[in-house]
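The structures considered in this document are given below.
The following pair of complexes shares a single chain, chain A, combined with chain B in the former and chain C in the latter.
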Partner chain A sequence: MKITQHSSAGTLTLILDGELDASSSVLLDTELAKPETLQFQKVLINCKQLNYISSAGLGVFISHLQQFQDAGVKLVFFNMQDKVYNVFEILGLDTLMTIVPSEEEATAV
Partner chain B sequence: MKNALRISCSRGNLKAVRDFVAASLLDCNLSTLQLNQIVLAVDEVVANLIIHANGEDESQYLDLAIDIEDHLFAIEIFDNAATYYRPSTYHEPDLSEFIRLGKRGGVGMTLVNRIMDRVEFSSNGSRNVCRLYKHLTPFTESNSAGQ
Partner chain C sequence: MPFRQKLKAITFPLTVLSWLLLLLSTLSNTNGRAAEWLGGPWPEWVTLTAQAAFAAGAFIYQRGRPDPLHGNDFVGLLRRLLLGPGMLATACVGLHLLERLVQVKFPTDDQTFFACVYTVNLALFVVFLAYTNYSWRSLVLFRASPRVQRQWVWFEVLLGFTLLFRLLDWVPPHPFDYLIVGGLGIFGVYLSGNQQWVAYLNRRQKWEAVLLQIAIMLALAVFVAYFLRIRNDLKLVAPAPQHAFLLLNAFFGTFYAFMGLMVTIFNLPTAGVFEQKREEILSMQRLTQLIQKGQNEEEVYAMLFDSAVQTMDADAAWLTLEDNEGATTVQHYRVSQGQADEVQRLLQEYKLNHTEYLNNDLASTDGFRELHLPYNSLIVMPLRSAKRRYGALYMLKEHRFGFDRENLSILQTFASQTVLSIENLQLVHISLENQRVQEELKIASAVQDSLIPKDLPIDSWFDISSYAASAREVGGDFYDFLHLPGRQLAILIGDVSGKGVTAAFHVAQMKGIFHALMQENHLARSEREKFPVPSRFMTQANTALSRCLERSAFVTASLYIIDYENAGFVFARAGHCHTLYYHSIKEEVSYFQTAGLGLGIIRNDSYEKHIKNQFYDYNPGDVMVIYTDGIVEARNADQEEYGEQRLLDMLEQTFSLEADEIKEQILNDLAQFSAGQPMHDDQTLLVVKFKSSQPDTLN
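Entry: the complex of A and B
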């Protein structure tokens, strides 16, 4: 799992590349847990190169979502592959998290 | 067709497990979604056995055996942990509550139970086994919608 990020105008974008499992999810947790993350208005997760997610990866997002909402930070996923979106769907997380098709739509949220 | 794999109890071996399952299913002509679901279900059980049953003790190992016959996928996952892992207290999670509490774990077995047709845990005292079963639906043009 490789995570790169860029920020502009109140938006932090994380680009996930690889597989998010019980081994690699620690890396993502470290990124999302940084205090400065809560300074942004939006955190966009670019999932185009995210080829796999397990419950450990989902758990990282679940565990941070409330804190983001309390701080007024919108968490938005975009460019998600069908097989990864399907894992969110199986749990019903697709209705509890904001997932949009494109970066344009993520930016507009 | 039968395939077998032995791994030590390290999270770093989860990728090898996923590759093993995917390779075993290579000739089954599955949709991308069903292939990913089965790989995910096995990954979840193996991760639980590595982390919770065996405490990530790399001197311990898991044995995996896959059997695919007549469109039925069956996998047995053996371990020797003294603490027999059996999610018998399993409850359907309230995801909204998980989010509110910032809860990190507890959805892995939900995925396994929702994906697989049958999930069994048993132990003979010295050896524990988890068995997962799934009817395979080969990918065709007629069932390709949403795949």
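Entry: the complex of A and C
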């Protein structure tokens, strides 16, 4: 798992590359738990290279969901592969989280 | 070797016989009555032959006896040598004095008694020489090379030849006789150089050896003095004995003892060094043995301290151990806590407290001079491994230059040995702890196993088959059944996020929630409301779980309530895998596509909006496949997932079979797919087949 990030004008973009499993989800959790993350208006997650997400990986997003909402930070996923989207959908997360097809739409949210 | 054994067996009697012959032949040459009675004088060659035979017999007999050296007990060998042959010497002196006394009291010209005493003493001398020289042989050949062993055999053979000198009435012409005897003497001197055994004695044993060797030389001197004294006695009737043989043997016996004495004396000053080395090796051995005995840490430290103090011969020492709070002194030797603290403080100031440090001249080091310690040499050896520091050993000596580089390397060995023992002990503790955890996991596994329903509901309406496997000792999957009144059956299946013990706790919790919520509500107004519908159940379960699940954990579940009186079922899917279904009417396999959010994701009342009930009227022959994600997410060697489509295909092929067989076919396919791959997640699979026979409704 590789996490790269860049930020611009109130938007933080995280690019996830690889498999988000129990061990790599710790890395992601550290990124999202940083206090400065909540300073952004929008956190975009680029899932183009995300091949797999385990329940631990989902747990990281779930645990930060409430916090983001409270702080008024929008969490948007984009470029998600079908099989990963399927996992979000089965769990019912597609109704709670904003998942859009492309980066343009994500920026527009 | 029968010949040798035979020879050995007859040596002793032959020796005794030859001595008797010697006695008689000597007596026959006296002027006493015995001579007349014996019809003497007998010819001289009889006496000489008897003498030679006796000497040869005594030496051969002694040669065949067991090695007098037992292991490395050199002092024991010398002591026995002094006790046995020493007694012979005493007997010799005693007999001589007795003979003198008799001569003074009853002066006589009769030579009989004198001849007897002489013959006995000659025998004693020969035995003494044989015993002594064969004891020396043990010492010469101790750890000797084969070359030295061969040399010794030559020495024996050549000495044996000198027995023949007088016997054959032939003496080598002058000066060859001197040359031969002198040459053999030099050979003996050369062999006397083999004194390796002295190195194996410690200081005390060396002193003992010196005294014993002096005593043995005295005993030899007694015999030599006796024979020199009576050589010119008028009463001596016997011909001169085999001088060359006895002389050479006496010379060798004395010279070897003398060389041994010298070597021992010159080795005395170095004995201390050898003993110190010995002590070091022994200390090292003791430390090593402690590891294997698995003693506790205190004992290992105490052992290190004692060994180090003893080996270094330190005048004062202390040992500190470090933990998270700092260093504490655990062992003292002739040093006060105050002095120890001051030295440590000083070393800390110099930032030397964690390194090896050797100072042989404390008086010329400013900081130490101000402490006014009565010591001049200091050595500090930290105890540390690659991972952490354990403590440090401090040793002091009064005189300057008390420690050298070698001391430092010995201490290093001690320190690393100690750290090794300590880490070994810790490893043993950890592995014991692991074993205990393993045992507890086994118990947990057994407990969880007991939570899984063993008896599947049996009815003529349907057919159920189940399969469950955990990836670890305890798992996060669960399923349960509950018969409800009014011909209803509740089936719960679910999966707790995460694996292992935490997940297992939540599984037990879910089972509790299931049984608690599925209680009959007696206040319900209608029959339908007596038991919560699946969506209501999920909402209540969500509330219950919200209070105890950690923030990143969630649970997926599906609850099915089958009403087989009305041939229908209702279910709610809380984020769990879709239900696979074979519709017999449409002859079609599909997944129920319903929405529903997992439990513990939203932790407030709004959850209600995210869960829905789905009603369906089933037909006989319908098949329902319920599973957890461990089934569809199982991977093959190419890291591809088994997937929903493949599962659907399997049901299309097998829907006509019994529930058990459908399950087996799916599992076989799954096993083939993921052959050789480790199991990543828990797997649960339930197959429910609705039956056509409905005997109850027919009545």
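Just so we're on the same page, the second predicted complex is superposed on the first by the 109 of 109 C-alpha atoms of A that agree within 3 Å, B and C clash if a C-alpha of one lies under 4 Å from a C-alpha of the other, contacts with A are read in each partner's own complex, and residues count from 1 in each chain.
The definition used in the following text is that a residue touches a chain if its C-beta (ideal position, glycine included) is under 8 Å from a C-beta of that chain, and two chains touch if they have at least 3 such contacts.
Every value quoted in this text rests on a predicted model; they were computed, and no experiment measured them.
Taken together through their common chain A, the two structures put chain B and chain C in a clash. Look at A:Asp82: by the touch rule set out above, it reaches chain B but stays clear of chain C.
When the two complexes are overlaid on their common chain A, residue A:Ser23 makes contact with chain B while staying clear of chain C. Residue by residue along chain A, chain B and chain C are tallied for touches, and B comes out ahead.
Contacts of A:Leu58 after superposition on the shared chain: both chain B and chain C are touched.
Once the two complexes are overlaid on the shared chain, A:Glu104 sits clear of chain B and of chain C alike.
Steric collision with chain B, judged by C-alpha atoms after aligning on chain A, is confined to one stretch of chain C among 165-173, 327-335, 507-515 or 525-533, namely 507-515.
Shared contact residues on chain A (touching chain B in one structure, chain C in the other): 22, 55-56, 58-60, 62-63, 65-66, 83, 90-93, 96. Looking at the complex, you find that chain A touches chain B at residues 19, 21-23, 52, 54-56, 58-60, 62-67, 82-83, 86-87, 90-93, 96. Across the interface of their complex, chain C is touched by residues 22, 29, 55-56, 58-60, 62-63, 65-66, 83, 90-93, 95-96 of chain A. Listed in rising order, the residues of chain C touching chain A in the complex are 495, 497-499, 551-554, 556, 574-578, 595-598, 601-603, 610, 641. Residue ranges of chain B in contact with chain A, taken from their complex: 11-12, 14-15, 18, 32-33, 36-37, 39-40, 43-44, 47, 50-51, 95-96, 98-108, 110-111, 114-115, 147.
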